[in-house]
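Residue numbering begins at 1 within each chain, and the chains themselves are lettered A, B, C, D and E in the order written.
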Amino acid sequence: MHPPVMGPDIVWYLAVATFLFCTGALGVLIRRSPLIVLLSLEIMLNGANLALIAFSRHYAQGDGQIFALTVMAVAASEVVVGLGLIVAIARKKLDLDVDKLSTLRG
Amino acid sequence: MILGVVTPPIDWFALAAPLALLATGGVCLLAAVLVPKGDRRVVAAFVCAAGFVGAIAAAAALYAQSSAGHGVIADAIQRDRLGAFASVIVAGSGLLAVGVSYRERMADDHVAEYYALLAWAGAGMAFLTTASTLLTLFLGLEWFSISLYILCAIDRELVGSLEAGLKYLIVGGFGSAMLLFGSALVYGATGRLEFHEIAQVVQQQHLSHDALLVAGLALVIGGLGFKASAAPFHMWTPDVYEGAPTPVTAFMSAATKTVALVLTLRVLVTAFPQEARLWTYTLAAIACASLAVGNLAALVQTNVKRMLAYSSISHAGFMLIAIAANSALGARALLFYLIPYSAMSIGSFAVVAARERELNRPVTLDNLAGFGWERPLLGISMVVFMLGFAGLPLTGGFVGKFYVFAAAYDRGWTWLVIVGVAATAVSLYYYLGVIRAMYMRSSEELQLAPVAGGSPARELSLQTAVAGCLAVTVGAFFAVQPLIDAARHAARSLSF
Amino acid sequence: MIPAAWTCLLSPLAAALLITLAGTRISRRGAAYLATASVFVSFVAAVVSFAGLLGDSPKQRYHASTLWSWLTAGQLDFGLRIVVDPLSIFMMLVVSGVGMLIVAYSIGYMEGDDEERRYFAYMALFVFSMLLLVQAGNLLILLVGWGLVGLSSYLLIGFWHERPAAIAAAKKAFVMNAIGDATMALALFMLIQRTGSLNFEDVFAQTDQLGGSWAVNLIALGLLGGAVAKSAQLPLHTWLPDAMEGPTPVSALIHAATMVTAGVYLIVRTAPLFEQAPRVLELAAGLGAITLVMAGLIALVQTDIKRVIAYSTMSQIGYMFMAVGLGAFANGEFHLLTHAFFKALLFMAAGLVIHALAGEQDIRKMGGLRRLMPFTFVAFVVGTLSLTGIPPFSGFFSKDSILAAALDHGWYGQLLWIAGMAGTFLTGLYASRLFFIVFWGEPSPFVREHLMASSHAHAREGHPSHNGHETHEHAGEGPFSMTATVGLLTVLAAIGGFLQFAEVWTPVSDWLAQVAPPLVEATGVQEAISSVLAVLLGLAGLGIGWSIYGARTSEAPRVAWLQTLLERKFYFDELYDAAFYRPSVWVAHALGRWIERPLVFGSVRELSEGLRELGLGTGRLQTGLVRTYALAIAASLAVVTVVFVAVR
Amino acid sequence: MANVLVWAVWVVAAFACLGSGIAVISFTNPFYSALSLIGNLASLAVLYLLLSAEFVAAAQVLVYAGAVMVMFLFVIAYLGGRADAPWAGGPSWQALAAVAASAALFVEVIVVIGLKSSSRLSHQGEIHVSYGRPDEIGRLFLTNHLLAFEITSIVLLIAAVGGVILGSHSREIGAPGAQQ
Amino acid sequence: MDTGWLTTALILLPVAGALAVWLLPLRPFAVGSTALLFALAEVALWIDAIARFDFGKPGLQLDQRQSWFSDLHVSYHVGFYGFSIWLVGLTVVVLAAATGYAFWAGRERPRAYYGLMLLLTGAIVGVFVAQDLLLFYVFWEAMLVPLYFLVGVWGGAGRLRATLLFVIYTMAGSLLMLASIIALGLTHGTFDLTVMGTDDSTWIFLGFMAAFAVKAPLFPLHAWLPSAYRESSPEVAAVLSGVVSKAAAYGFLRIAIAKFPGPVADFRTPILVLAACGLIYGSLLAFRAPDLRGVIAYSSLAQMGLITLGIFAVNDLGLNGAVLQMVNHGLISATLFLLAGGIERRAATGELGALGGMAGGRPILATVLMTTGVIALAVPGSTAFAGEFAILAGVFRTGWGYAVVGAVAMVLAAMYMLRLISAVLHQAPGRAVSEAALDLRPAELGVVVPLVAILLVLSAWPAAITERSFGSAPQIPHKGSVVPSSAAAQLQFALKELEQKRKQQGQ
């Protein structure tokens, strides 16, 4: 059985996805707390995911969803490593501020 | 047969190299728990080296066996000589990196994990070189990137190391997010993930002017350029290279660049042949930017690792010229260039590591003084590497540059040749500067005794690695014919 | 005779090389005798080849011999080639003959000098070069000899190399000759381009094609430039007086008898070319005339005995130039010969005086040597009279024939003739001045202390700079080697003129006619007129000289500005210094200051600085803030995307 | 009727999504950011449902909102949520350029999509009933994307090891800590 | 029989020597003597080569060819032309002398030093025999590496800046040449000089010219020259000015003239003008230079200008003269630099103001320096004069103005050389000259005298070289007819190449 297409056109989903992606990017660019930067990265990835799924829906084939699922896993692993790093940094009694981490420069 | 699902036939041979390295990593990890602390370092290092040797063998065999490239495992990856060729370089770099790592002063309690991660990073790269869908591309990228994030930060006593790790993670995550979004757009434009199919769809449906497609292409190029540390996506490179443990830097500088560039070549040529007009010029521009930024910034560096980082940026520029040529000659040039480049890069970082271990402090041009006279082998090797970077004869670097320029000229881009020539001229200043620092200070300026005291450790493994790099660098000059033939066959697996 | 010619050429070279290579293994005297012997050998060889040449008929008197090709280029081939013909034989005889005498003379003169070996090596080298010059079989080899005589003259003038004056003089001589060489070289280039060869016979065979073209004039000019430089004629004459810084025998040999007359030889040798460029010939004659008068005037006020003679040399060569310029080649050569005799004589006599007076050359300190040095006195008398051209001494015959020839050359010739006449008068005047000041009257205190008190102790102290060549004891007027040679020359100077007597008996002219047929033939009348007038004017000069410096009956006219003008030698040195030397030095410094440092080096410096600045700028972009890095990626991707979407 | 309902849900979910997204990057306290990210993920899950990707939606809720975010919250709690004002710090031009860049990207992609929609994106393909169902996803994972599936596990394994290495007390650091 | 191995041996023997010196555990003295031995063996090898060389026939001889990488048709192809064999001779002799001098003077870190010296020998020989463009470039750059060390490590106080300037400046030029080589090779489908025909591309030509003009150096690209010549040790300066600069002139001859008749015709005037400027400029600055090395350095700038004049006169006179003058100037400036080294050892300075009066009691030094000096100022009869004469006579055909400039330069040369000679030898002893300062030692003589002897022999017989440079020139002295015009000679030279090409294809 073929359910009729319902709800808004996927263009709208894409708009949301793009907005989300750019919001995440903005977060990475303006926040100094590494935690929030990580969160922003998550948002970017989710924006991409939404786009993938929307397109997947558009082409009526599962590849996009698969992609999205793997992205979730990857995002999770990035988070793990990121948090591990943050913890290690915190252990060094450094305050959590990416701007303070600028001993390497020039 | 599960739920009536027919799993695709699996060509284990095509996966041999990554699998070997994966296994190696696993064994190392076991060693971390099973082997007593005292022997852990040697066992893990040995296993890891063995794994890389195995990977080289596997990749070589694969190269021999896959003269006709074809997709395997549901076309998720491509079994061809291009991948095999790159895998050989990657595995070779890994092997050398093991030699360099052996005596690195790092937290003893994670030495085995270190080698495990090294092997896994290598595995990811070896896998990535064969990736032939946007999905496997993204996954492979993350695979080795995550391993590298950890490797960079593995020396947790050093603030620099942690900082490098976090920076790499954040910027890397950002970059791969861009790549991901780009892939999404491409997928949206074509509805395909597999490179060949993308090209086909674009051709059949005349999408070559499709906005979504080109936007996606732009983002994909950005993501790949980031991994290849080409300007303007390069800015993480100096910091990470400087902060990371030197052996890791050595491995990254050689292997990451190899993979990123080979993949760029593969993606652009297989998936976007119709957009060649766009990406060739873009890559040319990026190449010029990299040459300019890398060389100019390197001019004023005093920290040798940082200087080498910038030089690696400029070399990314050189190799991008070859890709931008978008011709069989260009691909050949790139693949040949990668051989001496990887050797020189690892070798030079290895020498830096050796000096670091003598002095227990970051190596600067000043405290390199007299090194050449004190450690003849390392000194001469460093000289050869610097001359090779500068593209002087009797090193493979010369032949590489020659091929790159030839490709650009062949493509009709004389101006690009001129840019490259000018960049080379500028680069001489800092490459020769290193030699100057090592040999030409008057003897009273020499700091011969390591700060730690005692005579510097003569490390067999590191010196072997350096000697290996030396052999490859010089050998690539004399034995051009076989190498270039190999490169030509590898390039054949792409359709020009 | 060809082997003889080669022997004549090479034996002095051999001697020079031997002395140089032997170093201290050969004694000083040994070196002296070796050099003399070698020159004697070449004289003998010259005589032999002369005899050989006499043997064959006048038409066949031309033999060339090439040792090997010296310089080649494609079709061109310049051999190491000598020619034996009347002219070269003539010069070979003069050079080796007079040369032999003078080298022998030096044996005594240089005795005790601690660098005798070097001296004789140089002398031998010079004789070789001079012979090469006169024997050369093509213009290139001639130029080689030309340059080599310049070199040896440089070496010999600067022989006492501790004396700044000597070194300066040597450099001056060399540089001025180099100018001459350069112009000659240019002439040769043009000849090569025009004729494709430098062998005399090939070149002369084509002179008619060149005839009258501007090219041939330029060629002749170039050659003339070389000639005037070498022969110290206007305007390249200023080096000769300074050259007197060298040892006196050197002045006698190089700067009187042989080298300075090479210019005359060159013109005669290339007469066929010059004949195609009559204007240039006249220019040569004119230059000669001006020089002879000017030199004569300057000689009037010189106080250095050698400089007086040097200026007289200039003026005598002026006569020769006049002669060859008018086309009286044989007469010129003849005067060259006689001049070699009496001028060498004068120099060597002066040498005796200087030698006796422990190196003093200032005539104002001399006087009354007549009785103290009778032999020298006699020699000087002969020299002076012959110089002034009083019959029957040699100068008379040669000089007067030149003057006569001048009359046969239209108004221009008559002009020159007048100049020549004035010259004879001046000659008499300065010759007598010199003669009477030095030899007449009572011995001056200086002379007395030197020649009467027979010790040279304080004398030596007086002249430490003078390289101690007077430190040896000498009896009377000098050792045998010196007196003998002077005596021989006295005889030659006295009777040498009878080689040729105008109208009556002209072997020299006939001998040379094959090579350079004369363009002018003086009639007997002209001969007679000019002879008489010349002799009268000469005597007048002598008389006035006697009245002023001998009898001291009358005062020399004092004209202050004229005096200074002459003493400063018409300000030629100052002129050249201001016109050429200073500018070139200034230009050199200016180039260094305004081009080398700012442009050549500056450009590089600026470039590197600029690159460095750029590098620092790039480094400043690398803020170390991870957000900036991400921003760079985002921003550039935004740009790339726009571009892609725009141009897709 | 149903369509209207779908619209309504979409609007709510979309705006919740955007709002929570903005909230994540504007809260000064990481804790709140994390919480709002959870909301964001949830609302995304709704959108996935509307796109009839049931399995992904479920995974989103379980994996993300469940596992990952919990870990986040733990770490934040462990480190103590330090306040950190947005827009602060860095070079003056940083914030401005940041907004400019991301805005530019947004506009561009929107424009691109707009261009595209006129031609092709307007009509969706017909979907099979099994679309987005777990069994379908499973089938894909075992056939076309077998390799991807395996690699995902490898990546997760590596990340786990990394987390252990980086997070664990190393002796060098632990020892002085113990003495305190 | 195939004698190509000889050429290869000429390249490899010094390299082998370098390796021997580096790897064998020798005592310092043994190191020096080994190196000297190898250098002399190289000379012997060259003599063997010249004995086997048939000057009668034109074109390439003693050549050996071996493909290097085929896809771009690059090959290892070496061989001799008449003129290149003389330049190789110059190289081996001067480097032997330099090695000998270093051996006598004693250098610290001898193994590195002599190894580099030998390496340099091999590289320079390679430049002169390479018949493949890329190979030529390889040797061209390989030449630079040992020089960088030799000047930078064993040089004077300002060596660091000097080397940097020297290497980067020259490399900048040669990189342009690399671009040109690539362009030329790819357009012609081969990099083999003997196979490829002539080319008309202006830009490619200019790329080559850039490299050669910097290396020569040609005014005004000589910024690196004074410091490099001043700061390096005497023997290295001798090699630099004596031999390395000739590589550039060789490039003019072998590549610029032979491969680019068209562009040469177009650019001849500017090049000749530059060369003439350099001639005068160098002479004037040599006249002004305050120290020995300065005078020699700027004089060799002038000399290179002269040689360039001769080459770009492009006629038999000019080309023959240029080859002769290359050899002359190589030997002369080498000798002068070595003598300058000796003088500096004695006076501890090269300042002309502080020197003087060294002739007194030092007859040998005086004689040798005087001889070299007068040959250097091209006194007629010296081989330098022969070369200069031929060059100027040749360029006179192209334009009489250049010859006039050359004539002026002859006078200037006399001025600065005499200034040098008398500043060192004559007048009162300078403040830096002590009575104790010795005359030339036998060892120094052993190094210098051979060079001077060669110069004197050449002075007696310059045709030894001019007859044997271009394998042409029927030796019959033909009367009257005017020799071929420069254009004809140029064609004749290019044609030689083409006939060579036909020969190659025939095989």
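Definition applied: a contact is a pair of C-beta atoms (placed from the backbone, for glycine too) under 8 Å apart; a residue touches a chain by one contact, two chains touch by 3 or more.
Here the structure is a predicted model, which means the values were calculated and not measured.
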Common contacts of chain C and chain E, by label, are B
Both-way neighbours, i.e. chains that touch chain E and touch chain D: B, C
Average the CA atoms of each chain to get its centre, and name the chain whose centre is farthest from that of chain B. C
Centroid comparison with chain D (C-alpha atoms), farthest chain: C
When the mean CA coordinate of each chain is compared with the mean CA coordinate of the whole protein, which chain is closest? E
Inter-chain centre distance, chain C versus chain D - centres from mean C-alpha coordinates, in Å: 103
Report, in whole Å, the distance between the mean C-alpha point of chain A and the mean C-alpha point of chain B. 27
Using CA atom averages as chain centres, what separation in Å is found between chain B and chain C? 79
Centre-of-Cα separation between chain C and chain A, whole angstrom: 99
For chain A, jot down the residues that touch at least 2 other chains. 14, 21, 24-25, 28-30, 32, 38, 54, 58-59, 61, 63, 66, 70, 74, 77-78, 81, 84-86, 88, 91-92, 98-99, 101-106
Chain C, residues touching no fewer than two other chains: 619, 622-628, 630-631, 634-635, 637, 641, 645
Every pair of chains that touch: which are they? A-B, A-C, A-D, B-C, B-D, B-E, C-D, C-E
Which part of chain B faces chain E closely enough to touch in the complex? 332, 373, 387, 392-394, 398-399, 402-403, 405-406, 409-410, 414, 417-418, 421-422, 424-425, 428-429, 432, 435-436, 439-440, 480-481, 484, 488
As the complex stands, chain E meets chain C at residues 165, 169, 220, 222-223, 281, 284-285, 287-288, 315-317, 319-321, 357, 359-360, 363-364, 367, 370, 374, 379-381, 385-386, 389-390, 392-394, 396-397, 400, 403-404, 407-408, 410-412, 414-415, 418-419, 422, 425-428, 460-463, 466-467, 470, 472-484, 489
Would you tell me which residues of chain A are touching chain B in their complex? 14, 17, 21, 24-25, 28, 34, 37-38, 41, 44-45, 47-48, 51-52, 54-55, 58-59, 61, 63-64, 66-67, 70-71, 74, 77-78, 81-82, 84-86, 88-89, 91-92, 94, 98, 101-106
So in the complex, which bits of chain C are touching chain A? 619, 622-627, 630-631, 634
Parts of chain A lying in touch with chain C, wherever the complex brings them together: 25, 28-30, 32, 98-99, 101-106
